[in-house]
Amino acid sequence: MRPSGRALDQLRTISLEPGFSKYAEGSCLVRFGDTHVLCTASVDETVPRFLKNTGLGWVTAEYGMLPRSTHSRTDREAAKGKQSGRTQEIQRLIGRALRAVANRSAMGEKQIKIDCDVIQADGGTRTAAITGSYVALHLAFQHLLQIGAIKSMPLTDQVAAVSCGIHQGNAVLDLDYAEDSTAQADANFVLTGRGGIVEVQGTAEETPFSEAQFNELMALARKGVDELVALQKTALGIK
Amino acid sequence: MRPSGRALDQLRTISLEPGFSKYAEGSCLVRFGDTHVLCTASVDETVPRFLKNTGLGWVTAEYGMLPRSTHSRTDREAAKGKQSGRTQEIQRLIGRALRAVANRSAMGEKQIKIDCDVIQADGGTRTAAITGSYVALHLAFQHLLQIGAIKSMPLTDQVAAVSCGIHQGNAVLDLDYAEDSTAQADANFVLTGRGGIVEVQGTAEETPFSEAQFNELMALARKGVDELVALQKTALGIK
Amino acid sequence: MRPSGRALDQLRTISLEPGFSKYAEGSCLVRFGDTHVLCTASVDETVPRFLKNTGLGWVTAEYGMLPRSTHSRTDREAAKGKQSGRTQEIQRLIGRALRAVANRSAMGEKQIKIDCDVIQADGGTRTAAITGSYVALHLAFQHLLQIGAIKSMPLTDQVAAVSCGIHQGNAVLDLDYAEDSTAQADANFVLTGRGGIVEVQGTAEETPFSEAQFNELMALARKGVDELVALQKTALGIK
Amino acid sequence: MRPSGRALDQLRTISLEPGFSKYAEGSCLVRFGDTHVLCTASVDETVPRFLKNTGLGWVTAEYGMLPRSTHSRTDREAAKGKQSGRTQEIQRLIGRALRAVANRSAMGEKQIKIDCDVIQADGGTRTAAITGSYVALHLAFQHLLQIGAIKSMPLTDQVAAVSCGIHQGNAVLDLDYAEDSTAQADANFVLTGRGGIVEVQGTAEETPFSEAQFNELMALARKGVDELVALQKTALGIK
Amino acid sequence: MRPSGRALDQLRTISLEPGFSKYAEGSCLVRFGDTHVLCTASVDETVPRFLKNTGLGWVTAEYGMLPRSTHSRTDREAAKGKQSGRTQEIQRLIGRALRAVANRSAMGEKQIKIDCDVIQADGGTRTAAITGSYVALHLAFQHLLQIGAIKSMPLTDQVAAVSCGIHQGNAVLDLDYAEDSTAQADANFVLTGRGGIVEVQGTAEETPFSEAQFNELMALARKGVDELVALQKTALGIK
Amino acid sequence: MRPSGRALDQLRTISLEPGFSKYAEGSCLVRFGDTHVLCTASVDETVPRFLKNTGLGWVTAEYGMLPRSTHSRTDREAAKGKQSGRTQEIQRLIGRALRAVANRSAMGEKQIKIDCDVIQADGGTRTAAITGSYVALHLAFQHLLQIGAIKSMPLTDQVAAVSCGIHQGNAVLDLDYAEDSTAQADANFVLTGRGGIVEVQGTAEETPFSEAQFNELMALARKGVDELVALQKTALGIK
């Protein structure tokens, strides 16, 4: 029995609210249960130095948590004067995940900056952030298409993410904080709409896990991402 | 005629949504039109060093803007590694405003940390933040009363804030971004429920303003704050 | 009775010593009693990026306190690796005050950097800094006129500042540290030679103040600034 | 054909030189071909704050690259004033890997600080670092046993790591820089002596990879780690 | 012929103004010609951690230049967020120089913090700073004696410093900026009242210098420091 | 009797291992007994801004210690976010020493970046670093000659360094840590192959030293550097 009463292979209630932000070229408020992340996509006409005159675009991401998004207050990174290792790890992951489905030559020399800000955190913020950011990115590209700044949709596939873990001996899908903080092992899976693996990060907290367990987690992830990809389609009005 | 079509002495549509955050001891999502600020109040059992063993409490505030809360994206302060002068100025103002109505000996040696995070910015974020933070602070104190951590409500009055300015020659109440960015002069007024002045900050952008103009702004502010104080009462269920 | 024995509407002994620095294009050592601030104006041929190719100039200011300018030693900001919120607030204020009387198109694309360094602090450092910086700025512009780098004096008026406050129930002019640290409320007024209001910053420390009290402070400030403006004229040899 | 001429499932020449450092309680210079990493283990009698009075120990790691360990010079992080996201990610990984085999209650309230400094980099620095750090940690614990500071060996298993990837369509073991920089996908595997999975990090650089490919990489990793674990035994003189 | 018209072995006009600061326990404004440095000595009841419970005191120093103390404006270190290598080198030198004549056990567990702030710079700021700081330190110790905080004067000798250099082929004493910036080699000498060498720092800028030249510089330094030590005595009213 | 059993004027066992690094244009692992420093020279096609279009080159140096190069672990500067004053002092010294023998116009507008990383520290790291860096620099210039990037060897002489000190009343050559930490005074001498003085830094730790003592140290240094210069020749294969 999971703390939330969910079935072992059941996602939390997912909601994707596209166009949440008034100003961003693309945006999405994503909710995985009580985890709420605001994802925005901002178009920037300059690319990083190493891409100047290559004809290629770039997608990058930044991540942050509001200080009281968490159960007890977390110190504000801007006040501490630096981003934690965890923050940097997550924002690098989000950027890689989105670039895996971006056609960077179709983008042209443009940069999309994704901002993922956690309004409320109940576990799984990075996977929610990836799932919502895809929607924001898609919308920003749609906007660029509409204004004629690009000729074709520079996306090769959808991408979404979910966490799985071993909790009280069971493989479970989409861990919330109550599970995450007591899991024996957990893994984040970033998969494409067609089922390709973009990124896998599995970590054993206390005791190492076996290959059989790992495969069980991957199967759960596949089921979860299929559902997330379908919800992204609905949110974006894609058939 | 104002860009928004409002009367000269008319506030934007104000909304105060108490209890917005699942975890914070007190919280309020405040909206002044398209300006949206999430205010949370977190109880901390430690006070700053200079208050150790004085029996007095403290209220402090931090302020931040989501990178894409603004028309064009603003660099993330956590990534830049420091808070701007503007950010520090605003968070110091919010802290002073709330301490002006806090009975710090009734609080005991506790600290309330207020976080004001701008989700969307359309002018007047600091005045919205003060108005919403009062609600969050009130709720946090109510919580402390209910659990018996304090004996009486450590608030001596309400506090709210509004900006006024000279726009196209007219004194106007509650500037939005369109007005703020072209105003000849503007001033922020922080007033108590009983009408006392807590803080006044007036700045002439291009041409200095006269004492008569300044008094006109103060009269508008008084009208605006009276309405905000009434809305705070409603939100808090106070008669 | 004031701690210093001054009348309620009496400034401290003011001294303005122009040309104090051997190297700066303009400089002034200003003394408001025991508060001593060295103000220098340095000409810089580059403007901030947002003014490139606009034909407009810029005036900016930095502020610092020597570690032992204060009663007890204050940590050196360079050693701590950052400027405090108070420092940033003050230097932003000084910059705005001077820009309010600068004719930025007459300056051409030049920047004047004002440095205000507090040699000794006995209250009112920011108002002394503004008053002295005006003299330094005027001298730097005179220098540019003399060498033919500008065609006309790019100043539209004089500017000076003074603090007022409620001390032991009385409205008093030009608070020294003994008064400032025990004042019920205080306000800084930045006014032009012709009496226009450039900036007003009033703060109630303990109990909010009334509009009547505020108007009393403004009247005192007006008297004080009139005297400071006359002293600036004398220091600059202007009739 | 691999650039180095190795077989698809062949490790580079591995060397583990225990006791390389004169001062550290444990140390090992590890070489994976031209990748050379100096790993030291330093005993610290203090634990992080969150472990005070829990009776538990801690193992943590820091990672750095000498500026000219790389093909072209990399800026020195100490001079830039911060560690990159990549550095933080790697040092967090090393710490987690070692804690997975540490018996933290057998350690008592002690901390082992691992330093992994890359003298020369030719791909796979993080996996070499984990493999060598295990040896350094083992030696530091032996030292503590010998001086009677602990009663039993606080290690539950060995741990080692290797990278695998898809290069020119083939799954290959232990990528060097020539392969790493052109691989289609790569993954780092941290496994225990008994074959448990401690950490898996797989990333598709250009095109997502399939589950079949992923399993192929895991099989190669298992072979490689078995060999590394045997080499650790030899280096430590364990049968 | 020297640019200033001085004889080869002639100091600039030296002035030592003790008690310049109203608040510091000891202070001295030192002038070596157009080089002006304000030195203050602040008593701090805490010692650095490594001296806790040793019964020994400490003397430390910090150094800074006002941004426009120099011919062209130097960026403010507090604004840049760090002290330059040059600043750190100088403040470490000043601290060592003063500790060389401090009887740290006679001080007891107290710390004297010396602040040397350059008001105007025309070469030789570090040697002026050492010479003036000795006076400030002496006065601070006198103050501690007078209030009974220490029993005896914790100074074993006087200390002063001067620079010498090879300028246009001649060995000259006390270089000003015009000489310093074109010298072939220069050296700073820190000597005690009794003639002991505390610190020597010689640097060849363009061509290495010979031992004979070096000895010539040392002889000049000895003459200069003898005069400085006599001026310190006069300033302190010591026979 | 010295702790190491060496004669008063005896260097430690010196070893210079040129070409230690696989990638650097020049490199040398230098050992002064148990002090081991890896010196690399990297060619950079850009010069600092102040040398643009002057036709002159630049040589600069950075210095670092591995955290466990020392008897007890030293905090990592990259993790602390800044280089210590000591580090900056040393790297500035190394840069000046090498520039003293560089013909910067023969270099052309190129920059050589020297990195000195201390693998193991037993006293005298800065003098070892200078001695080894000369070899690395020489090799980098040889490489530039061979590829035709420069026309002639841009070195005017050799340069090497050694420390001397007063230990238990005796003047001794090349202090190791046991001597350095208890020396009464010590000095670092940087001399050229032809015997010119490039830099002298003498510091009295406890009691000032006399001119006679200082001259004794200089004589020892001269002997030591002569031997080091001969060893550099051997390492470089120069007759």
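The letters A, B, C, D, E and F name the chains in turn, as written, and every chain counts its residues from 1.
To be clear about the criterion, a contact is a pair of C-beta atoms (placed from the backbone, for glycine too) under 8 Å apart; a residue touches a chain by one contact, two chains touch by 3 or more.
Protein names from UniProt, one per chain: A, B, C, D, E, F = Ribonuclease PH.
The shown structure was predicted, so the numbers you read here are calculated from the model rather than taken from an experiment.
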Shared interface partners, meaning chains that touch chain D and chain E: F
Chains contacting each of chain C and chain D, listed by label: none
Most widely separated chain from chain C, with each centre as the mean of CA atoms: D
Centre-to-centre distance between chain D and chain A (centres being mean Cα positions), rounded to whole Å: 28
Geometric centre distance via CA averages, chain E-chain A, whole Å: 59
Chain C and chain F, separation of their C-alpha mean positions in angstrom: 51
Computed distance of Cα centres, chain B from chain A, in Å: 33
Sequence positions of chain E contacting 2 or more other chains: 81-82
Ring of chains, enumerated from chain E in the sense that reaches chain F first: E, F, D, A, B, C
Complex contacts: residues of chain D adjacent to chain F: 21-24, 27, 34, 38, 40, 42, 44, 62, 64, 66-73, 76-79, 81-83, 87, 113, 115, 117, 119-120, 122
Touching residues (chain side chain F, partner chain E) in the complex: 82, 85-86, 88-89, 91-92, 96, 100, 157, 187, 191-192, 194, 196-204, 207-211, 214, 218
